[in-house]
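Each of the two complexes below includes subunit A, the first together with subunit B, the second together with subunit C.
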Partner chain A sequence: MDKFSYVNASSLKQVTSLLSDSGWGEVMMIAGGTDLLSELKEYIETPKTLINLKTLPGMDSISANASGLKIGALATVADIAKHRTIQQHYTVLAQAAASVATPQIRNVGTLGGNLCQRPRCWYYRDETVNCLKKGGDICYAVDGLSKYHAILGGDPVYIVHPSDIAPALIALNASLKIAGPEGEKTLKVEEFFTLPAANPFRENVLQPNEIVVEVQVPQPKPNTKSFYLKAREKGAPDFALASVAGVFEMMGKTCQTANVVLGGVAPAPWRSAEAETTLTGKMINESVSLKAGAEAVKDAQPLNDNAYKVTLTQNLISRTAMMAVS
Partner chain B sequence: MASWGEASQSRLIGKRIARLSGKEKVTGKAKYTFDINRPGMLYGRILRSEVAHANVTDLDLTRAEELPGVKAIIPLIEVGRKIRYQGQEIAAVAAETDDIAKDALRLIYVELEELPFVVTEADAMAEGAPQIRDDWKANQSNPGKNEDGDVEAGFAEAAVTVEATYHTPVQTHVCLETHGNVVEWTDEQNLTVWASTQAVFGVRNDLARNLQLPANQVRVITEHMGGGFGSKFSAGTEGLAAARLSRMAGRPVKLMLTRKAEHLVAGNRPSMTQHVKAGATRDGRLIAYDMRGYGTGGTGGGAGFTGPYVYHVPNRRTERFNVAVNAGSQRAMRAPGHPQGAFAMDSLIDELAEKLGMNPLEFRRINDSSEVRQAQYTLGAQEIGWHRRNSVPGSGTGVKKRGMGVGSGQWGGGGGRGTQARITINPDGTVEAVTGTQDIGTGIRTAIAIIVAEELGLSPTDISVKIGDSGPGLPSGGSGGSQTTASVAPVIKTAAAAAKQKLFEHVAPLLQAPVDDLRVGAGTIYVASDRTKTVTWRQATGLLGVESISEGGNWNPELRQGGVAGTQFAEVEVDTQTGHVEVLKIVAVQDCGLAINRLTTESQINGGVIMGLGQTLLEERIMDPQTGRMLNANLEDYKVPGTFEIPEIKSIVFDTHRKVTGVGEPPCIPTLGAIANAVYNAIGVRIRELPITPDKVLTALAEKKA
Partner chain C sequence: MSDKEKEKKQGTNISRRSFLKGVGTGTVAATVAPAILVGDSETAEAQTDGAASTAKIQLNINEKLYEIEVEARTTLLTVLRDGIDTGGNSVDLTGAKLICDRGECGGCTVLADGKAVYACMMLAMDAQSKQITTVEGIANGDDLHPVQEAFIQHDAMMCGFCTPGFIVSSVALLNENQKPTIAEIKDSLSGNTCRCGTYPFIFDAVETASEKM
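Moving on to the complex of A and B:
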């Protein structure tokens, strides 16, 4: 990695003022560093300054009350996975967090870092490949090797978003607080992520001078069942080939509302309105759940090597829905 | 006739004895090459080509040389020469810190004229492909052909035939400790090298030859090493570079490969593609076999594989050739040629049996002349519960389907000459065993202690075993071909026996008994015909005065034997919705001859099974035809088995005789076919291409449905 200066953050104000001096990549933030360090080592990023966020006070707390959860962006993935209230009432989130990487990485990786992590695409991660995402002319996955790439929403960059936690948060209707030089703002986690058609270079709407501060999750209704299913080649550590965050409000076997968000198949966490519509108001059984899966992938556009993800995603959605009635 | 004696007479040999270095290893105290730090040591790094094929048109090291902290820099390729694969060495640098060395690499100016490349076998063989070797046509070597019997007549006699193509990809060794060395010139003519190697003397001779030094002026030390699997026999380009940098800088240099370089240039198992047609008679005899196959070992050759394998086919024709691609070269990898050949043969056998409507185990029995494996089939089938398998493949109900399969293998492992050893008994009772072998991880250090302790009536922990050092000048061969134990054990045994004999000569007058009437007990020497006459070990060695006993041994071939048979059974569960294959259990029945240490023998079998499992389900070097690059030169996308993948492994040490045989390699052979056949038995669709990943399973299931 190249040399950089290292600043211990003392306040959000200091962080955003340091950030606002430059565009992307000059000044970067580091918390757990589980993603950023490998980007630095591979010269994917070459910042002049790193701001250490771990010295910011109080930003790692998790608080829960009857209206919902507040999780500081510096809470570790492990903290989320093992939090009793999250396990009980926000199961999909605990399961998603527990599926991340390895215990070592979960112990240092943070919520904010997990949401803002960069893609794992093997072309993007190769310093010598100047792909579209890095300002080049083509997405190499289109004609190249695309086993792990997007089947939905890819054009023109076929990365997949690697976060497990993001689909779970979106399925729980979570919001996210961002601080910038002008103060704080809150937006839905769903609106945080963007597709490459809007911006091929970034995966979210965060500006170079902004920082994710907190995530807020409304408490699901008591009749809610939620699950995170993640298909991978290897038990751990491995990123999702496809994953499904499913949150279902159930009345007996009838699904009153369904939130279905996919991971590992699109450049952003992918809310499947088709699956949700198919399930909402229906008695969940095998044929309904299969139909929900099929609807979700009917517009999928697989590349050379990832047609299997269409079947896989369909099956995972169906399995998740069936778990709500089993 | 020399022998290891009866099992009932052994106190130690054949028992389960904890590895002597186990505690050091698990507590981090054991020093591997990576852990060696010398006073004033510099850090070495190698600049490697990032392109697959190019002419080097300019190389300028000046800017890197001028970077403060850089102490030595050397080119590793000349201008005008060709880069032939990604990772090929361009220059090496030694600097005060590893970070400075890395920065220096980025200041090296290299100008390349890029050339068209081929990185996959299919591209290499395609019409109009760039030719990457002047001496081959169409990037293919001249095929090696073989024919026995009358193949056409054989097929005419066959009641059923199967025609299929089986493929295994290139797989890398993934040594936990990457290749590398710490080198130190003690003066201008004497070099000491801490090497991560499986051949201490091989590296010594390699360095001496290349640096034009007398062999006795190079000392190579490998106290512990983190895996070799066949890829660590020589000093390598990195070892020579480190020695040259160190000489230039006048300071020690540590140069270990990065994980990326390890994947790119430190060896691999070649790929295999074979088109095979085979026939069997109605009564289940293999009668004809016709195979044409190839593989790639990179820019060179070496892509051999077995076939037909284990089972005898009277009428057979084979044709094999190498395909050249712009990628790092193969090196020997745990049972070279066998796992891939076994996967094809085990699958083929399964397919033929099904066509005959025969239980595949019965079909194997008919065609297997090995009595050992016949017994292993019975034992293994019992252990796995073979009767529970689906008689109709894929007939299980539910989303997760279970199945069972079997695979077979064979190997040599009989050892050879070339080991010198000394057993020294000191007057204070201490015992040293010294030889120039090295512990590649199989536990030879502990095996040596066991043999000496058994012979002298002591405990393994009483024996000071000094191996992994060429300094004492007692050579031994490289640890390859599963040869270490069978090469070393007979020499140690005879040396210990000779030392014991010498000690008896000192004790005999005291006990007033003839030497041949003396025996060792637990820490004692006694007279066999009158057990009241006894001395303790300390009393006995006290008789030596100032003179230690020090005896050599010889490689007595009566103490070892080559040729082992192995069989494995697998039970798997396939998730038909996700395509995920979970191996539930492997029963590995491994012919072992005399297991010196049953515990480490079981460990070797476990390790072989895990490696075989990785090759079956996960591992594959992924080369990108667009960029000429290996896309998964890391441990994120090059996936090796982890805790979640490792099933219950029932490793059965199948003792067949009382002679020493090596088993480092054979347990990784039958795993591939056993798992692949179990997957077929579970889902009723055959996957003929490894690794069996979810994409392949789901695609195959979809094709079956359609």
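Moving on to the complex of A and C:
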């Protein structure tokens, strides 16, 4: 790691004003640091100053009431995974959080950090490779090794978004509060993430002088069933090869509304309107659920090494839907 | 010369200990030169805007207080293994191992306020105000912790390099959940890697320890 200065944050105002004087990379924020420190150790980022967000008061709280859930950006992934109300009423979120990395990382990694973590692409993470995402000319996954890359929405950068929590939040119609020099604003988590066609360098709309403060999740209706299914290469902790966050409002075996959001297959969490339409209003059975999976991947464009993700994603969607009626 | 070039250059001057530290990591150059600690002439840099690149911090490790001057980039693991306090004494807690240095292998697992964390992925500055427990602080004097006894009883190690991390993760689990299921044991130890593959014995040991606690 290169040297950097360390500032303990005392207020959001101070954070955004410290960030305002620089573009990307000079001044960076650190919370749990489990992603950032590995980027620093690989010299992917070489900030002059780190702002320690952990000293911001009250930003790690989780509060739940009848209207919904508020989770501070500094709440740890473990806190979310172990929260009783979240396990009970926001199951997909608890399951997604529990599937993140390892206990040691969940104990320090934060909600804000999970949403803003950088891609795991091996070209991006290689200090010696100046890929398109880092300002170069080429996304090396196109002609290179692409086993873990995108099958949907990739052009021109074929990273996949690594967050497990983001698909769950989008499937729950969550919103996110951002603070900047001009004050605070709220937007849907779904609108937070962007595809490389809009901006190849970043994965979300956060500006260099903005900070994610809080996530708000409306309480699902009582007849809601929700699940997070994550396929990994082996049983051990890892990022998703493909994952599905499914939130279904059920009337008996009939699906009244379906929210299906995919992880690990696109540069942003990927809402599958095709799967949602196929399931909505239908009696869920094996053929409907398989059709939902097939519809979701019908426009998939796999690279050289990741065609397996097409079948995997289709089957994961099908299994998630079937769980709503089992 | 940039810090990175310096790190790489220092890679040609490997002591026995730094060589041992590099074994198993694949990238010796990146690991033999940990963030420089006390005594480095560059640490006396000017501090501006309330931002500190070095600081004198107090750490509570195994219920003992250490006052140490660190750079902001110094990890907790570096302090534990290579730190020297302001009185000139080595911290010398080498139970937590430097292996991957990327928060993947679990060899450096310690407790921070009772929770398992990777010491390689925690800045020393962030360990202030936390109670840090390393594997050296698990036993009560000469009385081994039930987890340690069970590891011996079940021969839950081969080379032993990963063992401190597994012991600490097991203690973290049993502090929170005294009667874990086998699935919970596996999940709680999923952040630790044993290349010798002694997992079945480790899981047995944790089950035995849970019966004694």
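Observations on the structure shown:
Keep this in mind: the second predicted complex is superposed on the first by the 326 of 326 C-alpha atoms of A that agree within 3 Å, B and C clash if a C-alpha of one lies under 4 Å from a C-alpha of the other, contacts with A are read in each partner's own complex, and residues count from 1 in each chain.
Keep in mind that, in the parts below, contacts are C-beta pairs under 8 Å (C-beta built on N, C-alpha and C of every residue); 3 or more make two chains touch, one makes a residue touch a chain.
Values in this document were obtained by computation on a predicted structure and should not be read as measured data.
In the superposed pair of complexes, A:Tyr140 makes contact with subunit B only, with no contact to subunit C.
Contacts of A:Ser61 after superposition on the shared chain: neither subunit B nor subunit C is touched.
Of the two partner chains placed around the shared chain by superposition, subunit B is the only one that A:Asp305 touches, whereas subunit C remains out of contact. By the touch criterion defined above, A:Ala236 lies against subunit B and subunit C together after alignment on the C-alpha atoms of chain A. Contacts of A:Ile105 after superposition on the shared chain: subunit C is touched, whereas subunit B is not.
Contact with neither subunit B nor subunit C is seen for A:Asn223 once the two complexes are overlaid on the shared chain. In the superposition on chain A, contact is made by A:Leu316 with subunit B only, not with subunit C.
On subunit A, the surface patch touched by subunit B in one complex and by subunit C in the other comprises residues 2, 236-237.
In the complex of the two chains, the subunit A residues touching subunit C come out as 1-7, 30, 33-34, 37-38, 40-41, 43, 49-50, 52, 54, 78, 101-105, 107-108, 236-237. The touching residues of subunit C, when paired with subunit A in their complex, are 2-4, 30, 35, 42, 45, 47-53, 55, 71-73, 75, 101-103, 106, 109, 112, 115-118, 121-123, 125-126, 169, 172, 187-188, 190-191. Of all residues in subunit B, those touching subunit A in their complex are 50, 103, 399, 577-580, 618, 622, 624-627, 629, 631-632, 636-637, 639, 641-645, 693-696, 698-699, 702.
Considering their complex, residues 2, 120, 122-123, 126, 128-129, 140, 143-145, 147-148, 231, 233-238, 241, 305-309, 311-312, 315-316, 318-319 of subunit A touch subunit B.
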